[in-house]
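Heads up, the next two complexes both have subunit A, just with different partners, subunit B and then subunit C.
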Partner chain A sequence: MDNIGIFLQIMFWGLYAGCIYILLATGLNLIFGVMKIVNFAHGEFLMIGAYITATVFLLTGINPYVILLLSMLVLIGIGAVVERLCFRPILGTGKLNEIFLSIGLIYIFQNGAAMIWGDAWQSVKSPYDGITIPVGSLNVPIDYIIIIGFTAAILIALFLFLKKTRIGMEMRATSQNRKGAKLVGINVERIDVISFGIGCALAAAAGTLWVVSGQVFNPYMGSIPAVKAFAIIILGGLGSIPGAIIGGLLLGIAENSAAFYLGGVWKDAVSFIILIIVLVVRPTGLFGEKGE
Partner chain B sequence: MNFGRNELIKYGLVATLGIAAAFPFISDSMFLLNLIVLMLISIIFASAWNLLAFSGQGSLGHAAFLGIGAYASTLIAIQSGISPFITIFLGATVAAFIGVLIGLTCVRLKEWFLAMVTFGFAIIVQALTVSVLAPMTGGWDGIASPRLVSPSIPGYQLIEYYAIFVITIASLIAIWYIMKSRLGLAFLAIRENELEARAAGVDPVRYRLIAFAMSAYLAGIAGALQIHHIGYITPELYGVDNSFWPITFVILGGLGTLAGPVIGTVVLTIIWEGLKATGLTFGRYVIVGFILILTIIFLPKGLVNLPERLQVWWKGRGRKENGEELQTG
Partner chain C sequence: MKYQVLFIAVLLVMAALIAGCTQQAASQQTTPASQGIIKVGVIVSQTGPASNVGNNMWQSAQVAADKINADGGVTLKDGSKAQIKLIVGDDESTQAGGQKAAIKLITDDKVDILVGGYSSAVTSAYQQTIAEYKVPYIVTGASSPIITHRTDIDTSYIFHHCPTTDTYGQYTTTFIDQIIRPAIAKKYGFAADRPLRLALLYQDTAFGKGVQTAVNNTITNNKLNIQLVSQQSFKMGESDFRTPLTAIKAANPDAVYIAAFPNEGAPIITQARRDIGLNTIFLNVENNDNSQFYKDLGQYGEGAIIESRFSPYTAPVGAVADAQNAFKQAYFIRFNTYPDMMGASTYEGVFIAAKAIGNAGTTDKATVRLALVNLKMPHVIEAMKDQTISFSPDFRESTFDLWMEQLSFNQTLGETRPTIVWPDNLKTTDFTLPSWYTAGSA
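== the complex of A and B ==
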């Protein structure tokens, strides 16, 4: 393959990796926007979503893209419980406390999953494995195209939910002004639970897409993507969903280029190098207008 | 009553360290001796993290400084042949210098950005260690590190034990002194209210960097001690686990206090080793996770605060029985 071919290939990998980051970062942005909490354990929901999809798929053989919905529903439940039992009692006690609490959650989820599923690297084969579509000079696996389509569909659905439904409007109101939302009769605690649940469901979708693409997964896979998702929402500017999308794609492409040209160990490191450079040069993020 | 509580903690601290000091005379179990050595090193590391948290900065990547101190000390000792007793301090200085550089990138940012930058920094350092620096560091395989006390000297284990014990005590005294001094007050002022601190003439950027340097220095010492004790170093030292342990120790013991890291480390090490005896593997971490979350929610000031909490609870109970109204404070 020529250089342009390799370049296109990397762009495509980046696009696909970016999709997973976008879903993760959008969920985090939603939770951060409404509750103003920093949950570093968000990646664990991605991991749980991945395992639910993989387990149900291996047991029943149902198309994994259908299991996506089940996985999202289960994670809404888990998210609601975590919000109610862990984050609500410490709401408003400071960002550091939230970070420390998420470390406890990371311990529990990672090792709980290891107790259930073991800690070995696993992978599953998508039913469409091996089917490719020629796009220009390269053959793109059909799974990648479905994944990109699913991500777009989920983001559009979320957008419509936030714009058109009553709960969506209440969520936006709460994120703009919590006290004001309370004054006009919005049950902000209910909105917190819903936002956290939806955020977790988006993480579950990301986990499902991770599994379907044939990538390996284990109980410890979630912590680094979660911190990267935070890096993305900072790159894109806090609270900005378009910023998160652009940031996610940017990071996906940068990582895959780094992995290809510099070697695999730089895949994770390069995202943080970008983050540090951006924070030094432009502390409000690439597209952010103002800080929180 | 406050006096009594402080006395209790002080005596507890002295008793703990007394037991550690006298331990080799009580038991000749090498396993326990080794365990206490690692515990003492954890105390230094947790105290280092705590000092940074004392100034209002929470790091999620302190393993980076643990590792930098360890690698720098090992490499200096190997290249120059200087005794590890000296190189641990040189290694720690390197860690402190790099700590200031990392601190510089985020002193002006929101508190939790620092958590992310430090977390990422540990990953960057690990990537550097196994790629660009691999010819020196041995890559993923690691390299042998000179022992703190050469095994050819008779009784070297005891010498090493007491050396580490003395360094631990010295670190704790240094931290106690820092916390009591003007420097500590400045840290406290920044943590509580940056704007007011600035108004009172405390430059937050400068003091944050000082806290960063001191914390990274102590973490570097802990890393170097650990590596010279074990005799081998691998990039695993930069792992997320090593970044999270000091946080768990400090939160359990009591954030921002001198005794907190010591109590947290001792209690959690005992729990951890006790659970090991029951044959749990992943379950141990799950239990630690629950302990951490329950502490944050129900005992936000940590175990250090437990005597006072019990006292309040005991008094409240008495009042209730007498039919009096419960009073707070």
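== the complex of A and C ==
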């Protein structure tokens, strides 16, 4: 493999990793943008999405890319329940309550998953396992092309939903000015539930794509991706969906480049080095606005 | 004012409690076995990245305790019999969790002896506690030599019942030189003096770095004809290895030696062969001899090598085969799966604990430590040097007979299964290069 081939390969792995980060961070940013809450348990929704996909796939043999839709629907429901029972009662009572509540949720979801599915590492094999297609000088497993395609499709669908539908416009309005949205008759509590549900569904999509890419998963898998998702939304700008997309891509590519050129131990550190640099130069993040 | 008084009172009560705990810790050193119970604390990773192996260790300890108790228990100095009671401590696969587990087992549960420890990084984090409370500890998993070689704290109560990274790193590197290098040279018609191109992919912990050091030292000290063409590291618990594997592929290796846990080792090989197209021989450390590892590998494990001393799916011909099979059966009946290599060590660890307390005739910790120093007991299920379990006088390490397994894919099972290929006195078949194998090039 020549140097350009290696470089392209590293970029491709960064793009793949970025897809998972983008979906997770976009969901987190959607929830933060509308509700202004900090949910450290967001990675656990990725984990639940992964388990739902793996379980349904192993039980039925249905194509896991089809199960992605089911997983997202289930997580919309779980997200709505969590928002209604946990976050709504403490909304506006202070960030500390949100932080401790979400930390509590991490333990509840992790232990609940361990009780249901056990805590051993698991993995499943995609039905397209072993199939590769040539992309330029690379020979790429087809699953990664599908993953990138699904991520793009989900983001386009989200964009159209936010721009073209009434609920999407109400979500944007609530995100821009909660009191103003209330004054013009928007039911912001209903918007909160929908936003939280969609945010969780995006995490479920990330979990499903994690599983089909053949990566191992267990009940504790969500913690590190959640931390990185927070880094991405701060990097991209709090509440900014384009910021989450650019931030996710940047992080995926930076991590893989650092692992190649500096060594694997720098993989996680580099994302936070970039975060610090961006915050020093532009405290609102790449796409953030003052006041966020 | 009233609240200030209350606050001070609470502080005083807490201070008194802490002082009480400290005194209790000091006084319990001479507590004899009571009510015919020997409390054995088992420190394992029940949760976190190492939980698969950790639960196997805990379950194996339970099978051992059941057998000892069913056979009448442990005979003490006064002729009375004592039953083994296991108490588990979950180190949560973290250093902080390990510290909590050790403190709880020693001070709350007041165990007589400790067994277990998997991650070297986690185990080394609570060694100070072991030194402080002077509780005999039979380490059955953490393989870094620092566990008993370190000089910054007192390790005299720690006994190492597993080969160190020095031992199996050297063993595996010797296998590469003596078996793999000639096989590649023969298949490809390479010159006899062509060095084997070896890549290392290791966990960035005491365990992984220990293997890295052992491989480098073995090559240098023994002047082996092996060239290290790439040395890549990764964080413990990592699941995406595509980038370091791309770097390794770019170095064109003849073989890749992986120092990883099973939850890392299986994805490494899968991603290497499926995503990167790295069709080479992967050598794995013994902790990967685990049924989940075989399951996760699937067909990608074909041709891979594991250095081992106990396998869920094979046993060496000889004295320990029956004992190993009996243990596997007992474990399977209770847990509907097979024990792994770390489970086997922990199973033996409980037997060693029982034997040492039996020899000491008491649970007095200093006396039990002396019994461990002087221990000479017949091997239990693992093949030991001279068929005897004993600890070396310098670093209190036991010595094993190791072997190398090669995996072949079983279409019916959808998993690979191992056969022993080295050394000659234990092997059941010869090492072979798979048909898809591709040698590296300079």
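In this text, the second predicted complex is superposed on the first by the 285 of 292 C-alpha atoms of A that agree within 3 Å, B and C clash if a C-alpha of one lies under 4 Å from a C-alpha of the other, contacts with A are read in each partner's own complex, and residues count from 1 in each chain.
To be clear about the criterion, a residue touches a chain if its C-beta (ideal position, glycine included) is under 8 Å from a C-beta of that chain, and two chains touch if they have at least 3 such contacts.
Here the structure is a predicted model, which is why all the values come from computation and not from measurement.
Steric overlap between subunit B and subunit C is present once the structures are superposed on subunit A.
Contacts of A:Gln9 after superposition on the shared chain: subunit C is touched, whereas subunit B is not.
By the touch criterion defined above, A:Pro134 lies against neither subunit B nor subunit C after alignment on the C-alpha atoms of chain A.
Once chain A of one complex is fitted onto chain A of the other, the partner contacts of A:Asp119 extend to both subunit B and subunit C.
In the superposition on chain A, contact of A:Gly185 is made with neither subunit B nor subunit C. The wider contact with subunit A, measured as residues touched, comes from B rather than the other of subunit B and subunit C. Of the two partner chains placed by the overlay, subunit B and subunit C both lie in contact with A:Asp268. Of the two partner chains placed around the shared chain by superposition, subunit B is the only one that A:Ile276 touches, whereas subunit C remains out of contact. Legend: residue contacts after superposition of the two complexes on their common chain; A:Val216 is shown touching subunit C, with no touch to subunit B. Contact with neither subunit B nor subunit C is seen for A:Gly61 once the two complexes are overlaid on the shared chain. Comparing the two interfaces of subunit A, the one with subunit B and the one with subunit C have residues 114, 119, 224, 263, 265, 268 in common. Partner subunit C is touched in their complex by these residues of subunit A: 1, 6, 9-10, 13, 16-17, 114, 119-123, 125, 129-130, 132, 139, 141, 144, 214-218, 220-221, 224, 256, 259-260, 263-265, 267-268.
Residues of subunit B that touch subunit A in their complex: 53, 56, 58, 60, 105-106, 108-113, 115-117, 119-121, 123-124, 126-128, 130-131, 240, 244, 247-248, 251, 282-286, 288-293, 296-297, 300. Contact residues of subunit C toward subunit A in the complex are 46-49, 51-52, 55, 204, 232-235, 237-240, 242-244, 246-247, 249-250, 262-263, 266-267, 270-271, 274-275, 277, 292, 296, 298. Touching subunit B in their complex are the following residues of subunit A: 38, 40, 86, 89-90, 93, 95-97, 99-101, 103-108, 110-112, 114-115, 119, 223-224, 227, 230-231, 234, 262-263, 265-266, 268-269, 271-273, 275-276, 279-280, 283, 291-292.
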